[in-house]
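Both of the next two complexes hold chain A, though its partner changes from chain B to chain C.
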Partner chain A sequence: MTQNILNASVKKVNERTSVIEVEGEVTQTSEKDLMDAYEEAVSKKTRTIILNLTNLEYMNSSGIGLLVTLLVRANRHHQKMLACGLSEHYRQIFELTRLDEAIEIHDDETSALAAAGAQ
Partner chain B sequence: MPLSPEPPEDKESTVTQSPEPEEVAPAHTLIPRDAEHWSKPVTRLEVGEVPASAININVTGRRVMGPVQGFGKMWQKTYRIGLGRQAEPREVILEWKKNFSLFWPEGANFYGPVTGIAPGEVALLNLSMPGKLKLSTGVLVLFADDEAFTLMTPQGHMFAAWITFTSLEYEGQTVAETQVLLRANDPLYELALGMGGHKKEDAFWTHTLSSLAAHFGVEGAEVSTKVVCVDKRRQWSKAKNIWHNSAIRSGGYMMGTPFRAVARSFRRPRK
Partner chain C sequence: MTRWARKRPTRAHHGRAAKAEDQDGGSFVTVTDFDISPSDPLVAYVQSNSGAVRLSSLELDSPTVEALKGAGIELVIPLISHGDLVGLLNLGPHRSGREYSSDERKLLDDLVGYVGPAVRVAQLVRQQEEEMRTRGRLEQELRVAQLIQQQFLPKELPHLPGWDIAAFYRPAQAVGGDFYDFIELPDGKMGVVVGDVTDKGVPAALVMATTHSILRSDAPRLVTPSAVLERANDLLVSDIPAHMFVTCLYGVLDPANGTLTFANAGHNLPYLNTGDEAVEIRATGMPLGLMAGSRYEEREASVAPGQSLLLHSDGIAEAHNDDREMFGFPRLRSIVAGGLEGNELIDDILSELDQFTGAEWEQEDDITLVSLCRGAGGSAGFGSPPGEIEKSAPDGSHGQLPRDAVVLADFELESLPGNERAAMERVVEAVRELDLPSRQLDRIKTAVSEATMNAIEHGNENRPHLPVRVSVLSISDNELLVRVTDSGGDRPIPEAETPDIDAKLAGEQSPRGWGLFLIRNMVDDMRLSSEGTHHTIELAFNLRKGHGDEHRI
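Up next, the complex of A and B:
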């Protein structure tokens, strides 16, 4: 089994918007790290979570499954989820899995923040 | 490069240069090592050569459906069986991919590509249902590497799902695991899931894992099942998925069989 190397750090832009920077690998062993980052990112007033995937190095199908459960959790709390910084490869995977229909994709963090009304 | 470079003759005239920093491309511009394990982008499914006995009416031209596109509650079901030390996880996945359909229960036929389970391949499924209905559907191999492979369902399938098959080391032994992340595709299938569909699904994967274990010489091992309702809400905007319902379409196809046979007998043979 691949050793999990994930670093998920949280940046609170304002009380309504947070960015989770995902660095390294997203696989089935990343669940705790990702969910912990989500918990740290949200407060009662949070309305948008931005996943910055610029430094995503590896993701398998279990990793995509994790993003869906993260999305469900966010939607349950009436939060919108955006993604930014995807390479062409991961953008294609989002399209292939049709995750792009639920998670809005932006080129970079600046445009994602603008879409979230945080800039 | 010599291991011990000659000392410079004239120290004062020597220009000391710090080594050029290696240019590291940002992660998003590199081709990730998972690239070859994912299916290439697919808009509409296309089925390769299949046996004449296979029914292909609900796959060609269909789009794939993930849990995001389904109608019903979202479930994560994990089935697991211990294989002792009979094989390493990679051997298990290799065998599983090679003999995938052999482990399925009777009445469930998987018509996979000759090349085996590989990213981007499309397989037909013909499943025996109550009332002698033969349900025709299929799957796309979304992801496959040495440690896991994942199937994704098309429009009309019972589930909008990702089904991942993994083998890993756990508590000192090799285990095989099937994890299904699913929503029923439409209201009719959601109803069916509540009326015994879940039990059938559980029995299907329990049988599959037990057969896999038996293939490795492990008899009578228990399959553990963990079911989590990830999302209790139904996505009513997806109720229209029923248009592609493979059970309805397969039923219609079967009812039309006598008429097609009569029509064929009137057709003039081609010269």
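Up next, the complex of A and C:
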């Protein structure tokens, strides 16, 4: 069994928009990495955080809990969260949990950036 | 100090005039709620006259104006959004005691230009929230109905030597009141029940549960089908809600000679496939619960070796296609005459139904099918094909194994965090030969890993030496069962709170707690059971395409 861990890299598109690229798995062990990535991604002027989940291999219920925690934090700072690159399975999970009502889903990063007004 | 009236969806206006005490301990302290009728002349007045209105200068025969004046209101400014009156901004006397100046009134007029749309947005949000709460409640109710229903469906098919028994149940979206049952009777006989409660949802499910219990308790004692139905009718008549009744066919099968003695309370007639044709077997009687003292005709049918019986509910024959054409009994009958039996017959009926209704069809009513086939060799028994195992489980703690089960994997894991991944990967390995579509595999993976994680964390409380057992079974090539068993003791399984994203975002619920919710949504069926120090969650996946909620054992 390969132990895939989370690799979250941050790309600041401009001062209002950042992309967090999530690679590997989002589970209970990913909390620190994900929150660190969030801290790195945001500044006072950040309005939009885009989660690029193209390379997400596995996310479980704890991972969904983490996304909710992240979302609460982003809401508190009046930042909008978008997600892109979800596989059909995780898109379905976003819909089931109604996360898709709180995190706008886009097919790819380009359209997410366009929606964020960053392109 | 004022608030504004809120427009309700009923279009009656509901107002609240509130007064607060000022710093000087001033006079105004009452809060008054009042409804504004849509026909109140004030409504028409403020809609045709923009801007602030001094109540003292108004001469309208309006109960609202009187109420506002009574509450100490002097100035009313209508809140308009897109031409609709959405509320009133009500002001009491000026703090200085003088009249409101024209500058002040101008300021208020400007202000309400912003306030109106904002109030409208708030109203829409609130309306949306209310709708969501209602929707949540309906879903909850549906789940309860489903739970009751599933509780009373047989968990296992009876094993009758020389007979092949198959059953299928698929609830409609709104969950009708279908049920079926097999009852063990003295002398090796078996009672078979197929029924349908009029109405849907929780009430139907409750009546179904009651009928089920009555039949269960009376059948072994009374034996003759007509007596059983008469008794059930008498018991139901006094308790059943006025608009509800139950159709029900009850038969007693003697597996040794193929005789079915049966009585019918207004249910669809079963088909006997004689090999040449499908014939209806008929007995008359009123539905249960309709009137006291109903009597039931009792008939006998003989199922010869190689023949089979099909019992069915309305959901099939009364299905409509897009042209409102009915599937109909003749069509069903001709499928039965086609000669298939057991699961093959059920599959055939369902695929004909699929073709008839088209892919977009939303199932109108529950569908129940029960097939009883007498083997051509009489009561000699079928014997088990290679690879199949007997019904009794090797280990009682892990539950009974259904007939026709093939064990694909059976292993134990230590209760260590992360081992849910190992469970998931071993299950994937075990089902590789089934060549499942990737969508289904994803669902299985998520459900198995969540169930294992629950067993590790909640059942075994992360005590590594306590094992989690996972077994993977395939049933007759059309169902996959994964059983996950903990060894955490005899504590009851706690009720899980239904996760709600809004409550979580509002901080009213923990952000976590999605596990069981995810599992429920990934599987076609799920059963929780406890035995001794073990809890088992059984995840069932239907391996045939296109059907989500069906129940086949």
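Before moving on, here are some points about what is shown:
Keep in mind that, in the parts below, the second predicted complex is superposed on the first by the 115 of 119 C-alpha atoms of A that agree within 3 Å, B and C clash if a C-alpha of one lies under 4 Å from a C-alpha of the other, contacts with A are read in each partner's own complex, and residues count from 1 in each chain.
Operating definition for what follows: a residue touches a chain if its C-beta (ideal position, glycine included) is under 8 Å from a C-beta of that chain, and two chains touch if they have at least 3 such contacts.
Keep in mind it's a predicted model, so treat the numbers as computed, not measured.
Look at chain A after the overlay: chain B and chain C clash there.
When the two structures are aligned on the shared chain, A:Arg98 is found in touch with chain B and with chain C. Legend: residue contacts after superposition of the two complexes on their common chain; A:Leu86 is shown touching chain B, with no touch to chain C.
In the superposition on chain A, A:Asn60 contacts both chain B and chain C. In the superposed model, A:Gln28 makes contact with both chain B and chain C. In the three-chain superposition, chain B clashes with chain C only at 438-446, the remaining stretches of 78-86, 330-338 or 438-446 being clear.
Residue overlap on chain A between the chain B contacts of one complex and the chain C contacts of the other covers 1, 28, 58, 60-62, 64-65, 68-69, 71-72, 75, 87, 89, 93, 96-99, 101-102.
Of all residues in chain A, those touching chain B in their complex are 1-2, 28, 54-62, 64-65, 68-69, 71-72, 75-76, 85-87, 89-90, 92-93, 95-99, 101-102.
Within the complex formed with chain C, the residues of chain A that make contact are 1, 3, 28-29, 58, 60-62, 64-66, 68-69, 71-72, 75, 87-89, 93, 96-99, 101-102.
Across the interface of their complex, chain A is touched by residues 417-418, 420-422, 425, 439, 442-443, 446, 449-450, 453, 499, 501, 504-505, 507, 510-515, 517-518, 521 of chain C. On the side of chain B, the complex with chain A involves touching residues 26-35, 37-39, 41-42, 63-69, 74, 76, 89, 142-143, 145, 147-148, 150, 152, 162, 164, 166, 168-169, 179, 181, 230-231.
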